[in-house]
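Just passing along the structure, written as structure tokens.
The letters A, B, C and D name the chains in turn, as written, and every chain counts its residues from 1.
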Amino acid sequence: MELDKKETQSQQNMEHNSTGLRILWTELVRDKLALVSLIMLIVIVVFVYGISFVMDQDEIVKVDLFSIHEPPSKEFILGTDYGGRDVFGQLIIGTRNSLSIGFIVTFLSGVIGVIFGLVAGYFGGHIDNILMRVLDFFQVLPFIMLVIVFVSIVPNYTIVAFSLIFTAFSWMGIARLIRSKALQEKELDYVQASKTLGTSHFKIIFREVMPNISSLIIVTMTLNLASNIGLESGLSFLGFGFPESTPSLGTLLSYATNPQTLENRWWIWVPAAVMILVLMLAVRNVGEALRRATDARQRKG
Amino acid sequence: MNRKLLEVKNLKTSFYINDGYYAAVDDVTLTVNENEILGIVGESGSGKSALAFSVMGLHTRAKMEGNIFFNGKDIVNVSKADLNKMRGNEMAMIFQDPLTALNPLMEIGAQISETFILHRPNMTKKIRKDRVIELLKMVGIPRPEYVYSQFPHELSGGMRQRVIIAIAIANQPKLLIADEPTTALDVTIQAQILDLIRELKETIESGVILITHDLGVVAEMADRVAVMYAGQIVEIANVYTLFKRPLHPYTRSLLHSMPTGGQDKLHVINGIVPSLKHLPRKGCRFAHRIPWMGAETHEENPILHEVEPGHYVRCTCYKNFSFQEDESKEA
Amino acid sequence: MWKFIVRRLVITFPQLILLSVLIFLLAQAMPGDALTGLVDPNIDPETIEEQREKLGLNKPWYEKYIDWVGGVVQGDFGQSFRYKMPVTDLIEERIVNTFWLSVTALIFTYIIAVPLGMISGRYNDTILDSSIAGYTYIGFATPLFIFALVLLWIFGFHFQWFPTGGSVAPGLEPGTLEYVMSRIQHLILPALSIAIIQTVSTVQYLRSEIVDTKQKDFVITARAKGASESRVYNRHILRNSLLPIAAFFGYEITMLITGTIFVEQIFSFPGMGQLFIESVLQRDFSVVNAVVLLFGAAAILGALLSDIILSMVDPRIRIK
Amino acid sequence: MSILEVTNLKIHFPIKTGLFNRTVNHIKAVDGVSFQIEQGKTYGLVGESGSGKSTIGRGVIGLEKITSGKVIFNGVDITSKNSNRKEIRKNLQMIFQDPYSSLNPRKRILDIIAEPLRNFEKLTKKEEIKRVEELLELVGLSKENMMKYPHQFSGGQRQRIGVARAIALKPKLIIADEPVSALDVSVQAQVLNFLQDIQKELGLTYLFISHDLGIVKHFCDEISIMYKGRYVEQGTIEEIFNNPQHIYTKRLISAIPDMNPSNRDKQFRLRKKVQQEFDQRYHDYFDSEGLAYGLKSVSETHLVALQEDVEKVW
């Protein structure tokens, strides 16, 4: 039984590995919820980036003291905030900014994490030991606090600076995951075979091992995108995200720390809250569907 | 002749895979008598382990049809509570992988004692411990008092397999099922474990089902042998008969492909064992792997039939079968 | 086991030192120093320079670091230039509040997570499991601060069941029952929001741990012994899966820290998290440093504690 | 002429414990092993798990760091720093145990077989495809398979693809590390026959590592038995199987299940007898650390690890 099970399992693994990307795609399309989420995401992205292209950002963030805290009306679909600024406009720009930062940070931390993890896992031994101690240290630190401190002391604070700080403290999760997978992968005979065939370490890491964990990378990065959007809006909520002039979804929510706004002016913060929820759920749905596709065991139930 | 202990009748065990049920064990009929070792041989995917799990009622998600009579009860239809009364008591199992079959967080003593707690609830703690230590001694574990309070990871593979055997024989079961008990072990350890199983069988006088992929193990251990291929039994015979006069083409091919020394070339069986989903559901399942024999020599609906007393074969194609090499020599 | 613990401790010390160096370097990068808050801007530069020399602010960085660490070890975090009082005094009352908030949140977390994880692991792929999965699904996607805001909105403002800010109602005498009750009342909402959101990962962790254990070979061995399903579950599966959970809470400290920062801000709860945000906004950096150092050390020690507990309960580490 | 000459090979793995990962001890995976393989022959290394047989193979090909000793391959000392690694790599190839994990599931058969060619020979696309076609034909697979992925093949076919990759550079020596132990009996036969065929065709030399005495007996010319990193006995097939000298060899041989059921009681008694001898005369065969003694020759080709004066007792 055991032997049979192992055999079929390894066969299955190989099967889904070899055409991994294609299977990821078919699985994603088969999962109705994930498909709907994906379509919704695409619509939001196109809509938000499209509109913000035509919209005049300066116009939106301009303070208009004659129309403070107006409820939704024809002129302002979602009303205005304490500065008389159009909430709908801010929502669009905010969503765009939150998404952009999410993409950038996910990509950067993904690149760092994957390289770090692959190197640590593939070489193992002392290199792994040292790298993992570094990683342990970074991971145990309270992420939010350090980002806040860095954000507050960086001299000319820009979006680039923010992305870099954010990235500096968010690559560890994926690095740990990739490393543990690389540790398993390098023990497999195909890696040993490549070594005996005279292939260089660099080639083995990136041409042989990496393609075999590509689905894991995609899945993890998708799920990271969701959590990065959440973290960014949290930081903006606390006032340590984007610079004041660039609205984010968290900025809109931070107005709700004013009890008056929280209690009586729902139009300012509820849309942003809903938007964050929708984005995170949609991205997660896609990510989870991808993960189910890669995790044969979960698929079997 | 010994009394019948276990009778399996037309057993079919199916698993749900993706889109439907597929039978891993298909139309299996066999008996195990008291005080005998029945060997079941087959390659991976032949359904031999699925059969063992069926007999123990260990499948959680399988659909079982047919009957398995043991001690007057039909395991296929017995209640969970009754099944639990039988398992570990009247019938017990030895598993393939000693490294994973023991609970890593429980002391060895506690894991063996559990069988007494379950089936001999009146036994006092003191007696229980004595019995466990006695069992450890019986399966050849040195320093049993010490091992009693050790954890599995402190023992070697061979020692762990002995512990698993101790668990299995604790209540002197009438039927002992050994599922590839030595596959994960080195040859010298294998020999020790097999000798141990044989000796224990003599002392507790139980029937044994020995499942293995190794023809050599069967030759050394079994009284009777059932050969399984693709979920079915293709041949059952007394062990001497089977090794001297095998009939079914699969049995004969298998024996021919073993390196025994002396041959120049090993016999190669064409093709591969079909996977569960792609089994031919009609006709002789081995048909397509004998390239030099046409389909017409195989029966449409082969059944296991008795060709001489105690020797059963599925499909009548064996009458026309000889090895290609032999044929070409004759020609 | 002792070897393991000692090794683990050996890893912890460099972590603590690294943390202190990091914070010290951050402090150096921060505008202003210990004197900035104290001196009157009208005093002439020469006097300031004199003061600086006297306070040791002109020493090389490593000497300053040693002075600073020496102070920290004795509980001296310097002066808050905002409040003109020692940071230690400022932190003292806040830390008690945050401690109780964290403990309450942790208790809630375990009350919620363990039963849910057990149910959904044992009855996986049933309706019960799916409904719990529904909760974890929403919980994962909901940022803590949004959830806390909504709780505050509904139960604080709309129904007015719970206070909307502070740690205790004003005017109550410490030590009285009313005082204690009021404090508890102030804790419930913030602690619950942390627990309900943070719980999600614990539920999932426990569930997958149980589902994994269910498929282990030794579970089949137990069944083959004739153990009933409930015995198999309680004696073999649950025991083995709860073990990592027992050690989980040390790691939760990092999550709790993040949680308190948000929640204290939203519920105006006078704790360390709120102090931290306030101090950063007011550029009261000596306070910021102290808070980061304490929280960082708590997280490092929490991880240490988890590993030690694990090494004590798992025989595979205990006996080597 | 011997193509591979190993002298006093030692491969030790450090055991690290303590506070600073200090090396406190060594696992002597291979502890002073010497042998030579003649061109065109098959040399079998036999032992149980942990005997160090695989480590020798991995050490020779460079997957494991050699602690000390000399490995002379094709007249070149490959342990010395200045030896031409590239040339050695080309002539020394390996076949792995697990046909499922030894082929990268993400690569087409073409890319798998062409990997060594791309590393060592600058071929045009066309030449490369032609070479791969030839190799596939040699291992009995059609060229249509080139664009397929490993999962589309059975275990036996995959193992042959692994062989095609190993012989792509026309090596002189192939290290086969348990090449059939992951396969079913019927498929084992197929791969073993095939390995013999290409050996004749290409004049290959094999270092055949296995735990299965039955297969070794069928496949090898000369074998050695390993126990805990040391040689216990070395000789031709006839010498080892018909005239085993060391108790461990006897034990190993008596443990092989006999395919004739009529012999079972004889086998059982033999094992009991060997076990008795093992228990009684343990110290004649193993030193105080439980390791084998140094080798002494019984005949020109037959070497046994025995204590110096044990012959007198005999």
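Here is the rule we go by: a contact is a pair of C-beta atoms (placed from the backbone, for glycine too) under 8 Å apart; a residue touches a chain by one contact, two chains touch by 3 or more.
Predicted model only: the values in this text are computed from it and were never measured.
Trainee: Tally the contacting C-beta pairs at the B-D interface and at the A-D interface, and name the larger one.
Mentor: When A-D is set beside B-D, the one with more contacts is B-D.
Trainee: Work out the mean Cα position per chain and let me know which chain is farthest from chain D.
Mentor: C
Trainee: Closest chain to the protein CA centroid?
Mentor: A
Trainee: Can you give the whole-Å distance between the Cα centres of chain B and chain D?
Mentor: 32
Trainee: Mind checking the centre-to-centre distance between chain A and chain D? Centres are C-alpha means, answer in whole Å.
Mentor: 49
Trainee: Hey, how far is the Cα centre of chain A from the one of chain C, in Å?
Mentor: For chain A versus chain C, the centre distance works out to 24 Å.
Trainee: Using the average of all C-alpha atoms in each chain as its centre, how far is it in Å between chain A and chain B?
Mentor: Here chain A and chain B have centroids separated by 51 Å.
Trainee: Listing for chain B: what residues touch at least two other chains?
Mentor: Within chain B, the residues that touch at least two other chains are 44, 95, 97, 213.
Trainee: Would you please write down the residue numbers of chain D that are in contact with two or more other chains?
Mentor: As it turns out, chain D has no residue touching two or more other chains.
Trainee: Which chain C residues reach two or more other chains?
Mentor: Touching at least two other chains: 217.
Trainee: How about chain B: which of its residues touch chain C in the complex?
Mentor: Residues 56, 58, 80-81, 83-89, 92-93, 95, 97, 100-106, 114-115, 118-119, 150-151, 153-154, 164, 167-168 of chain B touch chain C in their complex.
Trainee: Report the residues of chain D in contact with chain A in the complex, numbered from low to high.
Mentor: 21, 61-63, 86, 89-90, 92-94, 96-98, 100-107, 115-116, 119-120, 149-151, 162, 165
Trainee: Applying the document's contact rule, which stretches of chain A touch chain D when the two form their complex?
Mentor: Per the stated touch rule, the residues are 10-11, 13-15, 17-20, 129, 188-190, 192-199, 208, 211-212.
Trainee: Sort out for me which residues of chain D touch chain B in the complex.
Mentor: So the residues of chain D touching chain B come out as 48-49, 154-156, 184-190, 192-193, 196, 211, 213-215, 217-219, 241, 251-252, 254-262, 264, 267-268, 271.
Trainee: So in the complex, the part of chain B that touches chain D is made up of which residues?
Mentor: 43-44, 186-191, 194-195, 198, 213-217, 219-222, 239-240, 243, 253-255, 257-261, 263, 265-269, 272-273
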